[in-house]
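I'd like to ask you about the structure that follows.
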Amino acid sequence: MVIYALYGVGALVALSPIAVALGASLRVSRIVYVASLIVTLLLSAIALRCLFGHSSLLGVTLPLGLPWLGAHFRIDALSAFFLAVINLGGAAASLFALGYGEHEHSPQRVLPFYPAYLAGMNLVVLADDAFSFLASWEVMSLSSWALVIAHHQDRENLRAGYVYLLMAGFGTLALLLAFGLLAGAHGGYAFEVMRASHPSAGLAALVLVLALVGAGSKAGVVPLHAWLPLAHPAAPSHVSALMSGVMTKVAVYGFVRIVFDLLGPPAWWWSMLVLAIGGITAVMGVLYALMQHDLKRLLAYHTVENIGIIFIGLGLALAFKAYGMEFAAALALTAGLLHVFNHSVFKSLLFFGAGAVLNATGECDMEHLGGLIHRMPQTAFVFLVGCVAISALPPLNGFVSEWLTFQAILLSPQLSSWGLKLLVPAVGALLALSAALAAACFVKAFGVSFLGRPRTPAAANAHETDGQSLAAMFFLAALCLVAGILPGVFIDALAPVSKALVGVGMPHQGSIDWLTIVPVADSRSSYNGLLVFVFVVLSSSVAAFAIHRLASDKLRRGPAWDCGYPDARPETQYSASSFAQPIRRVYGTLIFRAREIGEMPPPGATSPAKLVVELRDLIWDVAYAPIAVGVGYAAEKLNSLQFLTIRQYLSLVFSALVLLLLVLAVWP
Amino acid sequence: MALIRDFAFQGAQMLLVLLLAPLLTGFVRKVKARLLRRQGPPLLQPYRDLIRLTRKEVVLAESASWLFRVIPYIVFAGTWVAASLVPTFRGGLLFSWSADLIAIIALLGSARFFLALAGLDVGTSFGGIGSSREVMIASLAEPAMLMVVFTLALVAGSTQLSTMATYMLSSDVGLRVSLGLALFALIMVAIAENARIPIDNPATHLELTMVHEAMVLEYSGRHLALIDLSSELKLLLYISVIGCLFVPWGMAMPPPSPQGVAIGVGSYAVKLAVGGVLLAVFETSIAKMRVFRVPAFLGAALMLGLLATLLLFVSRSL
Amino acid sequence: MRGLTFDIAHMLAGSLVLVSFMQLYQDRLYALLNIFALHASVLAASVAWQAFIQDAPHLYLTAVIALGFKAIIIPVALHRIIVRLGIHREIETVVGIGPTMLLGMGLVALSMVVMLRVTAEADPLAREDLAFALSVILLGLLMMVTRRNAVSQVVGFMSLENGLVLAATGAKGMPLVVEISVAFSVLIAFIVIGIFLFRIRERFDTVDVQALDHFRGERR
Amino acid sequence: MTFDALVGVLLVPAIAAAMLAALPGYRLAARLNMLAALLTFVVALSLFFVKPKAGSYLLVDDLNKIFIVLTTFVGFTTSVFSASYISHEIEIGRLTPATVRFYHAMYQTLMFAMNLALVANNIGLMWVAIELATLTTVLMVGIYRTHEALEAAWKYFILGSVGIALALFGTILVYMAARPVVGEGLDAMIWTMLVQHAARFDPALLNVAFVFLLLGYGTKVGLAPLHAWLPDAHAEGPTPISAVLSGLLLNVALYALLRFKMLLALTPAAIAPGPLMVTMGLISCVFAAFMLYRRRDIKRMFAYSSIEHMGIIVFAFGMGGPLANFAGLLHMTMHSLTKSAIFFAVGHVAQVKGTQRIADIGGLTVTNPVLGWGLVLGVIAIAGLPPLGIFMSEFLVVSSTFARQPWLAIALALGILIALGGLFLRLNTIAFGEPRGPTAPAHASYVPMFAHLAIVFVVGIYMPPALVTGFQNVAKLLG
């Protein structure tokens, strides 16, 4: 099985040089995207086959990488699941790119790296030894870096790519150190060797922290998220979708692989660390997102929030695992992993929508959009589906995973540690808060950019996007609905994963009548997306039918009422920032030092009044700016060593000699 | 046979909430008017309004999209389904397991989500004011509500409303501090969610103070009727949730005996009446607060909920 | 006889160190050159003495090389260069003469300490010689470090090489290849320096290293 | 002494040097230069098949075999590059035919000197060879006769000869240490003899000797704080020489250092050479990483990156152990190939843009795509990113160190990260962004550059077993 997967990856890798050789043209881009579409579809088929039990756990070892070790590759349940996530996202992205890529003005900077990027992500989850893992990890980062700076004339993109590359290198080094600890001095880099070796408690804790830093920096965990909202929007939209929807999940895979699989039994306090970080990440991410008015950047920040939710699930799973409560652990882990899948689906969908808008209007700034629902109704519809899904509203899929997470939280009183007893409810409150804020955020995103009246000619003259893009988006939207109303199937699919990682899987859902999901016990809690969906559809249509039949269905178009204000200009609509104003007042003053400076022109002056909103990113100010300043300072100071005279250099040599001789003189 | 009966009960429940909702609103209005020594509109006025509205033609703004026309039905359906899943006079509804309390809250959340979108759809400034304030309020109210749910769920060991009600009926609940806190928080949330004084004033049309009304400003005719009906349903729902969770006495439990059902209906009516009177009294005795005082109000609710949960964790561990 | 030979060798090597100190003391270029000539001849004497006591005739050759090249040719040549380039005659020092001398003392002490740790069965003559040679090397280096003037730096370098020769000759039975290489290197070194001085003459008015350093890579 | 491959790698360059010195006309000279380099490389390759027995002056073993082949190979590719480079230099008149003749002769002399240093079985002979290499490179650095070139050459000359003098003193001390054991005369300077009897040497003498050798040859390796000559020499000399300096001469000095480290490691009572090397390596790595940030001259920047990598290599050898030594050897090989490739690219860049100032170079991937992407690939390789060879060696160094000395590993990792930041900070403006400077197409031979990069790429993915076993033997040898 794994060997076929490797063939597929090989095909992807082979695509890059082909793309380089053929040069950049419309035909080539079609070739590349169609080929990657086919390969990713095949790979996802393989992944699903492995996931549903037909997988042989045998790995293969290729004579590559470290010579005495070779490159080990293997598909177990975990990697199969993530393989499926990656390649579903990849397939959707390739399909979308078939249409979207035609508008790419510098394809020669996109086409060669796109397949390599897909290949890198696939290899990460296939790898079964530290070297191949890290190498593929870096290839993934590197190719995505190249894609981020594809439009390099824009200095902002270059800066984004720079920050991204540095953070990626930082994360890789952290993982490298973690693996170095796990491997020991004799270099047992193969994963099965690491599983066999049981590090001491202190060492294991260090590994956990390093893994959290390494994988977290890639996943965008606060405060290591700084690169994410810069880099994700900078790339072409289908790549942004892959980076946000898929690559962050690969990072989550790295964390799960190390902490749940390689590291052995957890200590109870690890989960506190993970939970705290997850909760903070969730709330901070969505608050950042609310403050944005660039559509793609808003989506990128929202990825941070969802990563937080996922880490909350993982943290709960760690806690339960540490106390040997397998079933609760299985529930929490399943919740987290299900959210991994869900988020990959609707985040890709939303980024596609943003890309379609970008193509149609050349704008991603919501302040310049509006009224797109009239010009591009289908895009608006799928985007709306994505918004509902990501806002965790029933009956779509986002709600299911958050609901499961809540159920897991409700099991936490059985944990016997005080720290967790106090932390978990707080995390639950944070989770609820982030869910509510997410809804607010996407009311803003959809309402400001798609509803209302066009704010610029560009928005007024937008055109519906092309067929392939729409196909990709409708596919994902359908997936959102299916996963929302038939969650049992997906939960059962995840059972082998949790069985492998925490010992047991969740109770089998497929056998429950009415397709209800019952995480723990029938009396405790249950949810049936299908019924809710059917009920809502039925009752709404009944109401519509009844009213239209029994009462009037007459309709007249007229000017907006608006409390009688005549023909208000589009500028009077609520803009993105004014929509966020109440929430900014509530949360922003504390977290962003948000300040609103109103400038009133003097009486008689014709200049318009201005309202300037100042936001400070405190995390950047506190954590990143000092480092940059420090490096700059050190470089400046050391740089004077470049400008000494020969005599001074000689005296350097001289003093080094004298120093060493002194060392010898005092040597025992 | 039993299945059919259960179907019947479920249907009855759906119709009951649908029919009672306007009456409750009218009742509250009436009581308020009396407290203000006014005659006040007749009890059945809300029904008349609804019928009148449905007969009128809809005047739709030019800039309104298809979504604007769909939303009333979605909002109505969501609220109705949520309301019909709350045990009112009889526990153990047929479909109660299809959505637990969290899901019900989420359903209301979806309704609000779409309503807020409707506020933005026409592209007027007032709609914007309404939706932005609405989501701000919701962003605090929903977590508070969920904290309440946590408390109750931890006490009852379930998020299933019927199960919770059964547990509350059982003797081993006792009097708990956290339950009191939770009740308090729940009432605050209910006031906020139903746009009652002091958060919002359903009667006003003074622009700058509107929240809910501003959102639905552009609606007319049948659309407006549906919106009003769903807000009335929402009020009913909250009162019945409070009733079913904190004063579940008299609720008929399966297997139902005719007199049990009768008692259930009667007690339910009483609960609604009491709730309505209390609401009216509260509303008349307090003044509306500034919009930016609302966060403090709801933040307090959230804190209460969290406190209740924490106390519960602590007491559990003793 | 053993004692005497030892004392003489010791005396010669020690006087070499002494002359190095005299070099440090100088502040005029010509005087410096003369002292350097003295330095070289003392070296030649000590090498010759080594040749006598080790009865290793090839060392006489080394002595001659040292005498011929370093004591005569090089100082004369440097004289010429100074005249030709019109280098002004006094030496700019970085550290004052006094502190330099103190530093030198410290260095000599250091080299003694380092060398006398060597196990005694390496014969004492070698030990003493090595100690002195090391101090001569360090003093030469010190001179290069504390003098701003290119010529005096060259001289410092030469005396450093003298120290090397002293060490090499002190090493009993060391093959000729080393001395030749030393002389060879000095020769090459001198030629290259000469070339440089003239190239520099073409471009600068002085061989003051400061002027050379004026651009220092990136100061453009 | 019978004629064998060892003598071959010495004779071919020597004869070629003589001929080139006599030969006018630079085109023919360039061809002859290439031919000689190729011939030397072929002869060196034959070392793998016929193993000459060690004489009292020359020897070949697993250790220097690797060095010799690497040196001759890079020497050959550089000669190919230098042909196109020099012709351009003559066209724009920066060099006269006379100087070019001198240049070619010197090039082969340098090859001769480096090969001699590598095959010498006699510490005195090795010293002479390295001295010769230094002097030739001094002359070639100064060949442009500009202010900066002269200054760089002068700086290089003074610091280099001081270092070499220190190295000589160290050599003498080693002889003194060996003499009582091995006996007077030539034997006491022959590697094979020294290694046999090293256990009974006087440790105190060896300690002093190693200090001098470390500083002496360390100056040539370019370890901070003895590095000062290196950046200017790289920046001001002709680019082929920069490539040879970074790619080869540093290795040769490192080779000498390794030999003496082995010697010291065999003497139990002496101080362990490891800590000293680790310290200096770490200092060089971190220091050079910081120095990358303020660079304005593109060649000088990559010179500093050479210092950084030499630091990493010395660090690895200082750590010792099979893993670290293997990593050190691999890193050294990969670095020579990559860095020389980068200098090939930079040379063409400087010729196209007519300047070495980073501020005047921009958007290369737009104006000269092949050149630009080649440079990007080289920088990616040198920054230690996969799938190129240096990633493997850095992976081994850091992870194997972390298990033994966590703090050292963290410091090293930070150094690498800082260097990455510095390199890409400049690369962003050089290769991307708005094009700056003239955009003439570069008429150059890209073959050497991409050949090197291809090798680095392949090794990063798949190491041939022969190479692996060779490296592993040497790693054991180094202990």
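To keep things simple, chains are lettered A, B, C and D as they appear, and every chain counts its residues starting from 1.
Convention: contacts are C-beta pairs under 8 Å (C-beta built on N, C-alpha and C of every residue); 3 or more make two chains touch, one makes a residue touch a chain.
All values derive from a computational prediction rather than experimental measurement.
J.: What chains do chain C and chain D have as common neighbours?
T.: A
J.: If you take the mean of the Cα atoms for each chain, which one ends up farthest from chain D?
T.: The most distant chain relative to chain D turns out to be B.
J.: Out of A-D and A-B, which chain pair has the most contact pairs?
T.: If we tally the contacting C-beta pairs, A-B comes out ahead.
J.: By Cα centroids, which chain is closest to the centre of the whole protein?
T.: That would be chain A.
J.: CA centre of chain B versus CA centre of chain D: separation in Å?
T.: Each chain's C-alpha centroid was found; their separation is 79 Å.
J.: Please compute the C-alpha centroid of chain A, do the same for chain D, then give the distance between them in whole Å.
T.: Centre separation, chain A to chain D: 44 Å.
J.: Counting only Cα atoms for the centres, state how far chain B is from chain C in Å.
T.: Once rounded, the distance between the two centres reads 100 Å.
J.: Indicate the whole-number Å distance between the mean C-alpha point of chain A and the mean C-alpha point of chain B.
T.: Taking the average C-alpha coordinate of chain A and of chain B, the gap between them is 35 Å.
J.: At which residue positions does chain A touch at least two other chains?
T.: 642, 644, 646, 650, 653, 657, 661, 664
J.: Two or more other chains in contact with one residue: find those residues in chain C.
T.: Residue numbers touching two or more other chains: 114, 117, 141, 144, 153, 212-213, 216-218.
J.: Which parts of chain B, given as residue numbers and ranges, touch two or more other chains?
T.: none
J.: Which chain pairs here would you call touching?
T.: The list of touching pairs comes to A-B, A-C, A-D, C-D.
J.: Where on chain D does chain A make contact in their complex?
T.: 154-155, 158-159, 162-163, 166, 207-208, 211-212, 214-215, 219, 225-226, 228-229, 231, 271, 276, 287, 290-294, 321, 323, 365, 380, 385-387, 391-392, 395-396, 398-404, 406, 409-410, 413, 416-418, 420-422, 424-425, 428, 432-434, 461-463, 465, 468
J.: Can you list the residues on chain A that touch chain D in the complex?
T.: Per the stated touch rule, the residues are 63-68, 130-131, 134-136, 138-139, 142, 149, 152-153, 155, 158, 161-162, 165-166, 169-170, 173, 176-177, 179-181, 183-185, 187, 189, 631-632, 634-636, 638-639, 641-642, 644, 646, 649-650, 652-653, 656-657, 660-661, 664, 667.
J.: Which residues of chain C touch chain A in the complex?
T.: Listed in rising order, the residues of chain C that touch chain A are 94, 107, 110-111, 113-114, 117, 138, 141-142, 144-145, 147-148, 153, 209-210, 212-213, 216-219.
J.: Which positions of chain D touch chain C when the two form their complex?
T.: Per the touch definition, chain D meets chain C at residues 122, 124-125, 127-128, 131, 135, 138-139, 142, 145, 147-148, 150-154, 157-158, 161-162, 164-166, 168-169, 171-173, 175-177, 179-180, 184-186, 188-189, 202, 204-205, 208, 231-232, 235, 295-297, 300, 357.
J.: Report the residues of chain A in contact with chain C in the complex, numbered from low to high.
T.: That would be residues 642-647, 650-651, 653-654, 657-658, 661-662, 664-665 of chain A.
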